[in-house]
Amino acid sequence: MTLWISGYILLLVKFGLVLGCLLFLAAYLVWAERKLLARLQIRYGPNRAGKFGLLQPIADAVKMITKEDIIPAEADQSIFLLAPTVVAATALLMFAVVPFGESLAIMGQRIPLVITDLNVGLLFIFALSSLGVYGVALGGWASNSKYSLLGGIRGAAQMISYELALGLSLVPVVMLAGSFSLVDIVNAQSGYPYILVQPVSFAVFFISAMAESKRIPFDLPEAENELGAGYHTEYSGMRFGLFFIGEYVHIQVLGALTAVFFLGGWHGPFLPPFVWLLVKMIFIALVMIWIRGTLPRLRYDQLMALGWKVLVPVSLVNIIVTGAVILMVG
Amino acid sequence: MPTLTIDSRQISVPGNTKVIDAAERLGIMIPRFCYHPALGAVGACRVCAVNVKEGPMTGIQMSCMLDAGDGMVISTHDKDAVDFRMAVIEWLMMNHPHDCPVCDEGGHCLLQDMTVSGGHGMRRYPGPKRTHQDQYLGPLVQHEMNRCIQCYRCVRYYREYTGYKDLGVLGIGSRVYFGRTGDGRLESPFAGNLIDICPTGVFTDKPARFKGRKWDFERAATVCTHCSLGCSTITSSRYREIIRQEAGISPDTNDCFICDRGRYGFGYANLPDRPRQYRVNGNPCSRQTAWAKALDLLDTTANTNNPSTVALLVSARCTLETLVTAKHLCHRKGWHGPVWDAPSGNDIKSRNALDALAPELVATMKDVRESDFILAIGTDPVNEAPVLTLALRQAQRNGAHITVIDPRPVSLPFDFEHLPTSPEEMGDQLAAIVCAALGGTDLSHLSPAGKAFYDDLVLRNAAATVPDEIVVALKKSRHPVIVCGTHMVNEDLPVLAGECARMINQPERSAGLFYVLPGANGFGAAMFTETHTNAGLLLDKIKSNDIKTLIAIEPEGCAHVHSSPAMAGILKSLDCLLVMDYLESPLSRAADVFIPTATVFESGGIFINQNGTGRSMQPLYMGGTPIFQTGRTGPPPRLFESDIPGAEHVPAWLPLADWMGLSLSPDNSKRRLEILKYTIENEPWLSALPISGDTGETGIKLRIPNRRLNEFASLPHTRNNAGNSNSPEISLYTVEQTFGTELLSSGSPALDEVIPQIRAAMHPADAEFLNLADGENLTLVLDENHELPCNVKIETDMAQGFIFIPRRPDLPWPVPGFAPIPLHPDQIRREKGDLR
Amino acid sequence: MSNKYPQILFQNRKPDRIATMAEYKESGGYQALADALSNRSPAQVQEEILDAVLLGRGGAAFPAGRKLETVAEDAPHPRYVVCNADEMEPGTFKDRVLIHADPHMLIEGMILTGYAVNADKGIVFIRPEYEGAAKILEREIRFAEKEGLLGENILGSGYTFFIDVHRSGGRYICGEVTAQLNALEGRRPNPRKPPPYPTQKGLWGQPTISHNVETLCCFPHILRNGARWFRDLALTETGAGTKIFSISGKVNRPGCYELPMGVRLSEIIEVHAGGMVEGSTFKACLPGGASTGFLTPDFYDIEMDFDTLRKKGHRLGTGAIMVFDQKTCLTAATVNLLEFFARESCGWCTPCREGLPYIKHLLTLIENGQGSEDMIPTIKKMSAQLWNSYCAFAPGAVAPVESLLVYFEGEVREHIKLGRCLLGD
Amino acid sequence: MLPADLKKNLQTKIATVSHPRELVVDVLFDIQMHYGHLTDEAIHEAAELCGMAPVEVEELATFYTFTFREPVGKYVIHVCDSVVCWMNGYQTIREYLCSKLNINMGETTPDGLFTLIPVCCIGYCDRSPAILVNRKVHGSLTPAKLDQLIEKIKMENPAHVE
Amino acid sequence: MTEIQQKNISILTAITAIGQGFATTFKHLFRKPITEQYPEEKRELPARSRARIVLTRDPDGRERCVACYLCSAVCPVSCISMQSAEKPDGRRYAAWFRINFGRCIYCGLCEEACPTSAIQLTPDFENCRRDILTLVYEKEDLQVDHGGKDAAYNFYEYAGVATDEGPKGSHEKESPPVNVRSNMP
C-alpha cells in the first residue's frame, strides 16, 4: 500500500522534475538558439533583458501569456484550440521513456531514473511522434487559412515520409541491443556507443529527426517567406507558445534519443549520468542550431526526394548489412 | 443601315451616324473636345482623328465630321492617327498653364484625361506660354481664360443652343478669347452649363470653388426638385455638405443641360440655421421626448375631439413616399386631408390638368424639342420651368413656330410670338387658334361630346382674333405641342388646353400636351391629396374652429407667412401644431412639436414630373451638420463619436408610418426599401415602379389613370368676366421668377446675388393712368397692416390691368398668395407724395 | 518692252488710267453679254465655259464650268454670285491691276456668270486695302446700270441682276470661299466645312457661285470668241487661256504680265520681268503666292501651267512669282511667310492656330542660330500633320516650309551648325 | 454719341438690305471714321444699328485688321511686312519710321498724328517696299520719300505740330 | 565509368561546399558582431529617408501647399485630409490640413504626388506616442520654416494664375497677356 503510494509520489516527483527541466530547458534553448544564431550571423542576439539577454525567455513567456488569444472567425474553433496542445503534449510525453541514468537507491528503494521503462519504449516513441502530426495537420486545417492549410499538409506529408526512415534507421540499433526498451539499449552501449558501429544509421536518424522536428533545413511546413508561418499562421499568444514549446521540447527529445540510441545515453566517465545525458542532448541541440545557421531550406521536391530516394534505401541497405554482419559475427 | 468596320470590328449603325458615335457604340472612345452630342460636330479641335483605310476619302479624317458609310474600314489606333492626335494634344498643351493643382476642374478634366491617354506627357515646345486676362462673369461662374483650348464649345452652347448673346469669341488666330464685351454677369440663367461643357477649367463652379475634388465627393444621380420638369442632376457632397451639382443626362427630359436654379438651388440643405433639433414648445429636446410628446398630443386630440379635427398639410416638395403615407394615415385615422398647400389654387388647376391629360398625348421634353409648332399658354418658361426654354429653343432652331399666350412680359432668348392676354381671355385665344386651324378638317369621327366641345370652341372663337401666321403654322405642323401652365390660368384652362390638344390630334398630325405643374412633385401631390379641400379652405376651417390640430409636413406657402398678425391669429386658434420640415419658417417656430426632416439628398425619394414619369433618387449622404459648421474654418473636432452631430432628422414619412402602426426596420436602408414597397404596393397606379426604387437614368413612365383619347370633357361654356377693363382696379399677381421665388432655391446663398430687386411690372397704359414712370419707387398698400415697397418696371409686352411682382417667400403677405389681389388705385402710392 | 503674246484681259490696259466703258465697248466689251442674253440659254453659257477648260484663277484651279453646273436647275432663289476680290496672298496683285485696267470686264463677267446660273445678285467682296479699286467699281457699276447693262431687265432681256461692292474688314482668311460667305453675312469669317457646298447652300443659305476676279474676267472673252479659241491661247496641251503673272522680288521689272498658259518660267523672268537685278542670281522662287513651295533653279525652265507644276509636285496658285536671289536667306523668308500665316490664321482649328506658331517658333530659333538638329524632324512631321487641318489654309501655309526642308535642308542645317544666319539680317 | 445725320445715313443704308448684319463692316468703318477708332460706345451703336448683340460686333471688330479697337492717330500708317517688301527693305523702312516718329510699331505719336501698324501683303509687291497711309498706298519707298511724305502731312496739319 | 567518377566528384564537391559553409558560420562565432546598438549609437540618416512628414515653405516664406488634394488622393491608407480655401490674393491654400500619423505608413507617395514640393518626408523617425490622438498632426504641427529638399521652387512662379506673386503674364516662361482688342494684326 505504502509502496503503492510512494510509487505514485515518486512518479509525480519525477513528472514534476522532468517537466520543469524540459520547459526550463526549452525556454533557454530558445535563448541559446537566438544567441548562437546571432553570433553565427555576426550579430548580438537578445541582449536587453538581463545580462546577455538571459531574462529574455522570461520576458517571452510573459509576453506570450499576456498576449491576446485570437481565434479567427472562420476557424473550426474546438480543433483550433486543441491542435497546439496535441503538439506540445506528444513532444512532452516522449520523454516518459528516456532514461537519465542507472536506478537510484534511496531509503532502500530502487528508483529507476526513467519515468517509465517500457519494454516497447521505442515503439512508444514512434507512436507519439506519429501522433504529433495530428497537431500540425489539425492546426493547419482548423485555421481555415490557405497558408495554414498548406503548412499543415506539408507538415503531415513530411512527417509521414521521414517517420519511415527514422524507424528503419533504428532497426540496426534494436538488432544490436536486442530490445525495444530504451533502458536496455542504453545499457547495451555501456562498452561503446553505437555511433561507432552504426554511423550510417546515426546519419539517417539525425537527418530524419531534424525533419521530424521541422527544423531548418526542413522547415517547409512553416516556411516564412512562402506561407507566412505555415500551420501556425493564425495562432497567437500562448497557443502559439504551445507550438513553440512543442518544437523546442522536440529538439530536446531528439537530442536525448540520439544520445540514447547512438551516443551511449547517460554513459560517460567522471560526470554523473544525467549530466552526461544533458551534455549530449545540448550538444546535439547546438549542432542543430549550427545547421540552422548554415544551411538554406530545401525545396519541397528535394525534401521528398531525400526522404524517399536516399534515406529509406540507405537504411534498408544498412539493415541488411547489419543483419549480415551480426549473422557472420554470431 | 450602313455597316462599317472599326478596329476590325463590324457594326451597323443608322444613317447619318457619325463615325465617332459608331465607334462609341462599339465601346471605342475616340478622344474629343469640340464634339458634344448636344452641340453636334464642327471639326475644330481635330483630336478625334482616325485613319480611314477604305472609304470615299481615305487617310486621316475627323471622326466627328465623317458620316458612317457602308463598307468603310476605319482604324482608331493606327500609328498615323495616334501620332496626329498626340500632335494635337501637344498643340493644345503649348499654352495650357500647369495650374492643375489650383484648378477646380482638376480630377474631372477632359483635357487631363486626353493628355495622359494621348501619350503627350512631356513639354517639348520651347516657347513661352500665352496668357489672357480673365473676366468677372458673375457670382456663379468663374473665368480663367489661360486654360482655354479653343474648342468653341462654350460659345456654341451659349449662342446656338441657348440663344443668349452676351458671350462671344473675340480676336483672331492664337489670341482668340472667349468672353463678354466686358466684365459682368452672364445674362443666361443657363450659364452654369458652361462649367459642364467646358472640357477644361476655363469656366468653373464659383460657389464650389476650391471646395474639393471629384474623387473625394460622394456623388449620386439625383433629380432636380426646383420645378416640375424633373431634370437629371448629379449631386456631389463632401463632409456632410452638398458641394455642387452638375447636369445629368436624360434624353427624355433635360438632355444634357440644367438651369442655374437647379444647379445652385441645393444651398438650403447646407444652411447653418437649418433646423436639426427636435423641439417641444420651441425648446430643443431629444428625439424620444419629441416623439412621445407628439404621440401624446395626437392621442389626446383623438380622444377628446373628433378625429376629423386633425388636419394634415403636405406640399409638392414632399416625396411620393411621404404623400402616399400621409394619404393612408389620414384615411386610417379619419383625419382631414391630406391637404395640398399650393398657392393660387394651383392644386385645383393641377388636378384639372391631370384629368385632361390623355396618355397618348403626353409630351416629354424630347417631344417639345422635336416639335414643329408650340403653343405655350399661361406659362412663362424662363421663370416657371427654365429648362423648358431650352427645349423650346431647340424646336425653334429646327424651324418650329413658337407662340406664347400669357399676360406676363414673357421674354425668351429667341424669336417667338407673344400674345399678351389676360387670364380670362387666354382660353378664347387658344380656342380661336385651334378653331381656325381646324377649319375645313373632317370632324365627323368625333363623339357627341367632341362635337359639343368643337361647337364651344367655335363660340369662343368669335371672342378673339389671332394672327394668321400662327394658324398657318399650326395647319402645316406635323407635331404640334400645346404647353399649358397652371399658375397664371383660370381653373378650366388646363382642361381646355387638353381638349384642344385632343382636337388637333389628327391622323396626319400627332399632337402633344405638356403641362407645367407647380412644385417638384405636383403630379404626385395632385394624385394623393384630397380633392374636396385646399389650403384656403383649411385656413377657414381653422378660423371656424373645425380644425384644432394641424400637422404640417414640409409645407409650401403657409410656412412662409412672415410675422403676419392674421396668420398668428389663425395659429393661435389651434390646439396643437405639429410641424415637420427641413427649413426654418415662422410656422416651424410656432410649432408645439417640431420634427426635423431629411432633405431628399439625405433620404432619397421618388418624384413624379409633370409628364408622369417617376424618377427616384437614392440617398446621397447621411446628413448631419456639415463639418465646415462644426469645425468653423479650422479642422473638424478631433473626436471619436458614434453619432453624427446634427443627423437627428428622419425622413418625413417615418413619423407618419409610425403613427399609422407600420413596423419598419430600424436600419435606414432597409426601412427605405420597406416604405417604397408599401408605397408602390398600396397604390395600384404606381405599380410600374420597381420596388427597389431604382428608376434608372430616364425614369419610369407611369400609366396615368385617365380617360381615352376620344373622350371629351364638357366645359363650362360661360367665361368668367371678372377682369372688367372698365373697373379702376388693377390685379396684383405674384408670379414666379427664375431666381428668388421658388421656395427651396431661394434659400440658397449662392443665388443671393442673382435674385433681382422686387419690381412691379406694369403696362405703359396702366403706368400712365397711375402717373408712374419707369424706375420710380412706389408702395403697394395691401391692407392696413401691410405695405410693399417696390419699383416700377414698365413692360410694353404684357397685358393691361395687371401688376406683376415676384412671389418671393420673404414678402410681407396678408394671405399667402392664394389668389390675385385686386388693388384700387388708392392702394398704389408713390413713395413721395400721393398718387396723382 | 512690248509683249509678243496676245493681250486679252489687258487689251485696254493703259499705264496711267482706267479704261472707260466706251473703250471697253469699243474693244468688243458687252457683246458677249448681249449675245448671251438674246441667243444663248444659261445652259449653253455653262457649256461654253466648261468647254473652255477655264480653271479657277484664285489658286485652287477648280474648273469654273463645273462649278456653274453644281447649281441645280431648281435651286431656290435668290442665288448669288460672289466675286472674290479679296486678294491677300502675298505677292499677288493681279486682281488690283485688272480692276484698275478694265473694271467693266469684271462687271460683264459677273453678269454673265449670273446669267449662267440665273442668279439674282452679284457681290464683289473686296479687301479694304483696295479702297481705290472698290470706289472705281462702285462708280462703274453705276455707269453700267445707267446704260441698262445692269439692274432690272438687262438689255430688255427680262434678266435682272444687281451688283454690290462689299468691303472686307481685312483678313487673309476672308479669301477662303466659305469664310468669305460668313464675312458677307456679318459673321466671324471662319471657314465652313462642306457639305453643303456653297453652290447649294451658300450666302444666307442660298446657292452661291464664287469666282476670282481673273476667272470672271475671262468669261466675256470665252463667250465672245469661243471655247476653242480660248484653249488655243495656251502654249501647252493641258492649259487653256492666258494667265496674269504678277512678278515681284529681285527682278528688274516687277509687275503684272498677261502671258499664255504654259509660258516658261525662264522666259517670264528674263524676257518679261527684265531679268534679275544687278548682282543677283536666281536662287528660288515661289510660283504662285506664299502658299506654294519653292521652285529651285532645277525648275528654271518649267512651263508655267497648272498641270505641269502639279505633276512636279508644285502648284501654280495665283501665278504670283516671287523671285529670291542668292543674297536672301530662304529660312528667314520662310519665317516671314510663317509669321504672316500664323498671324492670319482664323483660330478655328487646332493645327492651324497652334501648329503654325509652333513651327514658326522653331524655325525662328533655327534662323537665329539657337536651333538644334532634332527640330528639323519635328518641323517636318508637324508640317505633314498640318495637312489635316480644317481648311486649306494650313496646308498652304506649310507648303514653303516643306519645300524649304526638301530643297534647302542643307542651308537650314548650316544655321544650326554655325549658330547664326550666313546671309545677314 | 453718333451725330444724327450719320446715324440717319446709316439707318437708310441698312434699310435697303435684306439682312442688316451684312452691312456691319461698312457701318463699323463709317463709325470708325467718325470716332477715329471703335470705342466701346461705337460697338454698342453699331450693334444697335445692325440689330446684333454687342458681342457679335465685338467679335468682328477684334477680328479684322482695319477695325481699330484702340485709339489711333489721325494718320494710320500700315507698313507691309510680307515677304516681298521684307526682301526689298522693309526692315529699313520700319526702323526709319520708328526712329523718325519716335514710336514703336503699334504705337501712336504723342501728338496723335501717326500710328504705325504692320500689315500683311497689301498687294503692291511691284512697288515694294510699300506702306498705306490711311489706306492710300505709297510704294517703292526710300527714307527720303518717307521724309517728304511725313513732312507733307505735318504741314497739312499745323495744329498737331508742337 | 567517367559518369560515376563525375558524380563522385560532384558529391565530393557538394560535401566540401557544405563543409565550407559550416566552417564559415563557425568562424563567424568568433568575430565581433557588426550590429549597431540603436538607442545608444545613433546614426545620421540620408536626407531622402522617409519618416515624419512636413509642410515646407516657398523661398519667400509663404505656405507652399495649395491644398490640391493630390496627396490625400494618392495616400494608400487615407491618412491625409484637408480643406482648401482661397486667400484674398487669389492663392489657394489649406484652411486646415491634417495627417494622422497613427495611420501613416511613410510610403512617400504623397511627396511624389505633390506638385508644389510642399509635402516632404524627413529623416526624423522617432515619433512614437502613447496617446494615439497626439499622432494626429494639424497644419501648425506639420509646417516648417524652410523649403526642404527643393528650396528654390515656387509653384506660383510657374502656375500662370494671377496672385500676389504677380499678375497674368509676369511669371516664368509666359508672354504678357494677350490684348484681344489690339490694333496689331
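Per-chain numbering from 1; labels A, B, C, D and E assigned in written order.
The working rule: a residue touches a chain if its C-beta (ideal position, glycine included) is under 8 Å from a C-beta of that chain, and two chains touch if they have at least 3 such contacts.
As the structure is a prediction and not an experimental result, all values here were calculated from the model.
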Next item on the list: Hop across touching chains from subunit A and tell me the fewest hops that reach subunit E.
Entry: 1
Notebook entry, point to check: Tell me, which chains sit next to both subunit A and subunit D?
Noted result: E
Next item on the list: Compute the centre of every chain as the mean of its C-alpha atoms, then state which one is farthest from the centre of subunit C.
Entry: A
Margin query: Quick check on this structure: which chain has its C-alpha centroid closest to the centroid of all protein C-alpha atoms?
Written below: B
Notebook entry, point to check: Of all the other chains, whose mean CA position lies farthest from subunit D?
Noted result: A
Check: How far is the middle of subunit B from the middle of subunit D, if each middle is the mean of its Cα atoms, in Å?
Finding: 51
Checklist line | Between subunit C and subunit E, centroid-to-centroid distance (C-alpha), Å | finding: 64
Check: Distance-wise, how many Å sit between the C-alpha centres of subunit C and subunit D, to the nearest whole number?
Finding: 25
Next item on the list: With chain centres taken as the means of their Cα atoms, state the distance from subunit A to subunit B in Å.
Entry: 82
Item checked: Where subunit B touches two or more other chains, by residue -> 169-172, 175-177
Item checked: Contacts with two or more other chains, residues of subunit E listed in rising order -> 180-181, 185
Next item on the list: Could you tell me which residues belong to subunit C and also touch two or more other chains?
Entry: 171, 188, 343-344, 346
Notebook entry, point to check: Where do chains touch, given as pairs?
Noted result: A-E, B-C, B-D, B-E, C-D, D-E
Notebook entry, point to check: Which part of subunit C faces subunit D closely enough to touch in the complex?
Noted result: 87-93, 95-96, 127-132, 166-172, 183-189, 204, 246-250, 254-256, 286, 290, 320, 322, 324, 328, 333, 336-337, 339-340, 343-344, 346, 425
Check: Given the complex with subunit E, which residues does subunit B contribute to the contact?
Finding: 97-102, 106-107, 128-134, 144, 146, 170-171, 175-177, 209-213, 215-216, 239, 627-628, 631, 633-636, 638
Item checked: Residue ranges of subunit B touching subunit C (in the complex, touch as defined) -> 42-47, 49, 60, 62, 65, 83-84, 87-88, 91-92, 94-95, 124-127, 149-150, 152, 169, 171-176
Item checked: subunit E to subunit D touching residues, read off their complex -> 179-185
Margin query: Looking at the complex, which residues from subunit E come into contact with subunit A?
Written below: 18, 21-22, 24-26, 28-29, 31-35, 37
